[in-house]
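Next up: some structures, all given as structure tokens.
Next, two complexes with chain A in common: one pairs it with chain B, the other with chain C.
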Partner chain A sequence: MKEGLRQSMAWLHSWAGLLVGWVLFFVFVTGTLGYVNTEIDHWMRPEEPLLSRPLPPQELLPRAVDYLRAKAPDAQNWYITFPGARGNRDFTAAWRERPAEGEEYGKYTRDRLDQATGRRIVAEPRETGGGSTLYRMHYELHYMPYDWGIRIVGICAMFMLVAIVSGVITHKKIFADFFTFRPAKGQRSWLDGHNLLSVAGLPFHLMITYSGLVIFMFAYMPVGPDLIFGADQRDRFFQQAYGYEPQDDKPPAPHAVLAPIGPMIAQAEQMWGPGQIDRVSIDNPGRADARVFVSRVSGSTLTWGGDLRFDGVSGKFHPEPEKPPRTANVIGDVLRSLHEGIFAGPIIRLLYLICGASGAAMIGTGLTLWSTKRKVKLAKSGKAHFGIAVVDRLNVGTIIGLPIAVAAYFWANRLIPVGLEHRADWEVHAMFITWAVMFIYPIWRPLPRAWIEMCWLAAAAFALIPLLNALTTDRHLGVSIPAGDWILAGFDLSALGTGLFFGWLARKLARRAAQPAPAARKTRSPAVPAPQVAH
Partner chain B sequence: MMGLLSFSLAVSGLSGIAAAMPKHQRDLFGRTTEPGRARASRVAGWLLLAGSLIAALSFWPVSVGLAGWTGLVGAASFVVALCLTYRPRALLPGAAVALAASLCGWAVQGWIS
Partner chain C sequence: MTMAKEERFGGVLRFRPAGGRRWLPLLSRIVAGVVGGYALATLAIASLSTLSFGNRAYGIMGATLGSFAIYTVAILWVFACRDAWRAWGGLGAAALVLALVWLLGWTLGG
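Moving on to the complex of A and B:
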């Protein structure tokens, strides 16, 4: 190797980062929003009732059991969820019927119940993709088959891992510069900012990239199990690795009276304390082999498995797990749980949001740095470069354009008529049409102007969301705050905060652009007019 | 409250570690300090950071606490870095006040319950 390790790693870092940076920025922005997917869902369904204090499980349980007895007395499974935990706003009763001849799974139905009466809530909220659609985009993208989406994201994530490791090697003084940020020094500041965002969030960035790859490892590396077990023997591999059991076609056991479930959840409450019961699942209700599982709300460990198991006929508690957990399962669960923040309460969820946003900012500053660095070199030679102009346009179209597109998604939720067919699809179309426009717009504008104008647009698009909400629904801040629905109010206030941030950014960029580039300053900030390129 | 305590312990600890670095001493004190004092503030910084971990582990279950603490320290290092840039003189007094306030809050909470 002619060059030193650090130079070659710097080369690897900047090109691996550039190549996939735009996709990764999209993945980080939509993935970060995924940490608040159910909160976004709540805002995007303004027909749903405001959050209210849920009734305790002991009171709700008999209503759900009565409902399921009437609806599906001989189902294969019953599922009852109690409202209260995050993402579990509804009191629901669901069931899966026994599979019909030749089917693998029976039909699944889920009904929302009124807490006071136990009757089904018929009114459906507007059709919307909600936060869950944004969340799904971060691993399957959109407008393409699932298998393509996850593979494209997977390749980008592998590049990300390369960029992280090579970035750590390239970074000259990771500890000496740990707290260093020198603003208003052009390229130097971008590098400081990029380093600070990367190093402060390094554990998160490594964890999120690696665990994301592990979640899809059999899609990304299918050859191993296929070689050993054969490509058509996937099921057998998963059985051995994870202990998944194949669906058995046993005839149902004879009828038996279901044990009362009230004492079971009382026992669970005694073990876990109040407010810890998330749901109750009943296998084979009304049969001799009935079993009842009481599940705990997430947050007590990084793994799943807070289930208590009871015999569904005798009501006897079985403290030992049904089958010992497998190592592969536990590792997979922990990585998945870390990636998705399943265990996260409000504080850790906020930290996840901060880390995710710092990841997006790290990618954004890295992309900007790539072109800033090259422009400094070019400015010396006085040449303009088409490739850099393209990168610059893609940068502003992604870094500012994508947030505007996300805002458009929220606007579409409020503005598209409720009865429109394929309404949820049109919300997504609105997002991507807006994003496309945001890529086209900077082509005709001088680069610094494009940054400033798009920042102002982003500021308006977000800051006006509370107003839009007030004009189109009766779920505005004047209602949500007095009612104590902080999820709804939090969405409006976060949108306002995001708008203020972009406004601040726009003003900062505008002030920078208005200053003549000082002669003493060797480097140029990206807001200073770049060499113009003819298109 | 314990989460807040863990966070202010992390900010104080990282400030202590920064105060041991000659580069930041000029921002913090206007001059570099003698090696003995720098070593003392480095040791104090790491002890406060350890205290932050203990607070996090008593607030959350162990596995959750380790993950949460990692995030807390990341956020704290961001706060310290920005403070060193824009309000260097306010960092150490600010960290001390935050720490004292969250300690008081913790004590009051313990006394009430």
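Moving on to the complex of A and C:
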């Protein structure tokens, strides 16, 4: 019976993994890139100034307040962001006007300001999807409505969860497998590699899959709120669950002078230490009910940074009323922030990248293992199998083809003319057209050749990115390294490193294909060559 | 025992269109896992959320958080069972228990 359980779990593991493996690979690759979305944004907007040491908030604050006073003296909200924190490279002033009659929200405007003068920066960088578009693809896909995208990804994540747990049950020797790696042994090496990647990353894979489901849990499992509050009463549900106060439309309070914000920032800096202030938001500036929120950069706590609240007229510290902590809400928040890694500094962020990449590699090795195993079985009967040929083509088209498509996205950013209309859309089109070609290409090639050739293409596509960057912009390594802009330089160097990895993989696969086949592989070879299988 | 295994997984691993109705138990299992499991998770949210007396919204939050684990266990159960009938039977038994909890929670003040 025990053997029976492991066998049935192995069956479930391989089919659950196969059916959605290609979508999951896409989700893991784009999601992993999402951990460096703002870094990619920076590279994809080469018109932006190089990173430099930002001025302190105390110096910038009066410039923003003056700007907002001139532009929107009676706005509903003012928002000031200070440069410095990750992804927050701009000094900006934004405001929301009071809603017009019959509207829910007022108009929102956001201007980037020059740090030295406090004047608006007019020049706009090129239109690009940036890293944020890649990041969004990992949960909403592309070329389809948002509601479809998140549900398809949700179904795939559920398959992933089943595949993970059934995979764990399959491997009763899970810890022994962790220390077992037999390289250069064909299928056995793939299996060992798959086990190693899966077991080492298991906590991450479980966490990322479950928390991904939790982020959209009320889209996937709408029964709770719908049952109690009705499908159109989501707001009321969240108010009760999180203890929000309902927002009523109050008429504006009488005019009052806004208290100076400098001392509030000073107080926050005293509490948090320097370099911790991310932004200041002011509700109802210039009114008697004005409130000032000073927000901390994320990365200091496991969840969001936290706010300090001040009275906007008296200037006094005005702490939020304490809410009883609720375990389920806290668990939900922690899972969400673990998924997004919002607390991650550079080292943890690098760990996230490694874990995410190992997740993609786990899915990739799992997919190839599926067909390798079946080919061994089929070789005995000497039959070719159309389904396996299709899986093989989809595998190489996804595992190597998708990285090439991502490289094409970056190439498109540099090569599409800056003035082109819908430029950001065309960057994405370039990515998916390339990917489509990468699915078509292996149909015409013998499978091992397709792997090797596409690996070389991926190697070139990534390794040449620093050169492409040097030829098309003045933001190349010769500029970014001396200027100390390690975000920009880091992108070029990572692209080069990725190129080298694919070159290594190509050489490895080429060497294996050229080797006199060991006995085990010889028996397999009749099923492997593509032309017989494909037609 | 070994014979039974062969049959079970032989039928499952290779789809044989001409092999009679061997795909029927598999189809039954897939429906039990995907649809039955989802229904069970949904029922679990409805019933377990009544156990958080006082604040129903908060109970829903907790039950929905856990529902994906329940769904996963249901799917694993369905595919681990010796036959499709047992799979459905187990889901039915779990549903019955959850329905009783719901009734209990509802009458006690949920």
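As a working rule, the second predicted complex is superposed on the first by the 501 of 535 C-alpha atoms of A that agree within 3 Å, B and C clash if a C-alpha of one lies under 4 Å from a C-alpha of the other, contacts with A are read in each partner's own complex, and residues count from 1 in each chain.
As a convention for this text, contacts are C-beta pairs under 8 Å (C-beta built on N, C-alpha and C of every residue); 3 or more make two chains touch, one makes a residue touch a chain.
This structure is a prediction, so every number in the text was calculated from the model and none was measured.
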item: Contacts of A:S358 with chain B and chain C, given as first, second, both or neither; value: first
item: Touching partner for A:R326 - first (chain B), second (chain C), both, neither; value: second
item: Touched partner set for A:L196, first chain B, second chain C, both or neither; value: first
item: Chain B or chain C, by number of chain A residues touched; value: C
item: Chain B versus chain C as contact partner of A:F343, first or second or both or neither; value: first
item: Chain B versus chain C as contact partner of A:M160, first or second or both or neither; value: neither
item: Which of chain B and chain C A:F204 touches, first, second, both or neither; value: first
item: First, second, both or neither for A:L61, with chain B first and chain C second; value: neither
item: Set intersection of chain A contacts, chain C complex versus chain B complex; value: none
item: List of chain A residues in touch with chain B within their complex; value: 176, 178-183, 196, 199-204, 299-303, 334, 338, 343-344, 347-348, 351-352, 354-355, 358
item: Of all residues in chain C, those that touch chain A in their complex; value: 5, 8-9, 12-13, 41-42, 45-46, 49, 55-58, 60-65, 67-69, 71-72, 75-76, 79-80, 82
item: Of chain A, residues touching chain C in the complex; value: 3-5, 7-9, 11-12, 158, 161-162, 165-166, 169, 210, 213-214, 217-218, 220-221, 223-225, 227-229, 237-241, 326-329, 331-332, 335
item: Chain A-touching residues of chain B, taken from the complex the two chains share; value: 3, 14, 18, 21, 23-24, 60-61, 63-64, 67-68, 70-72, 74-75, 77-78, 80-82, 84-86
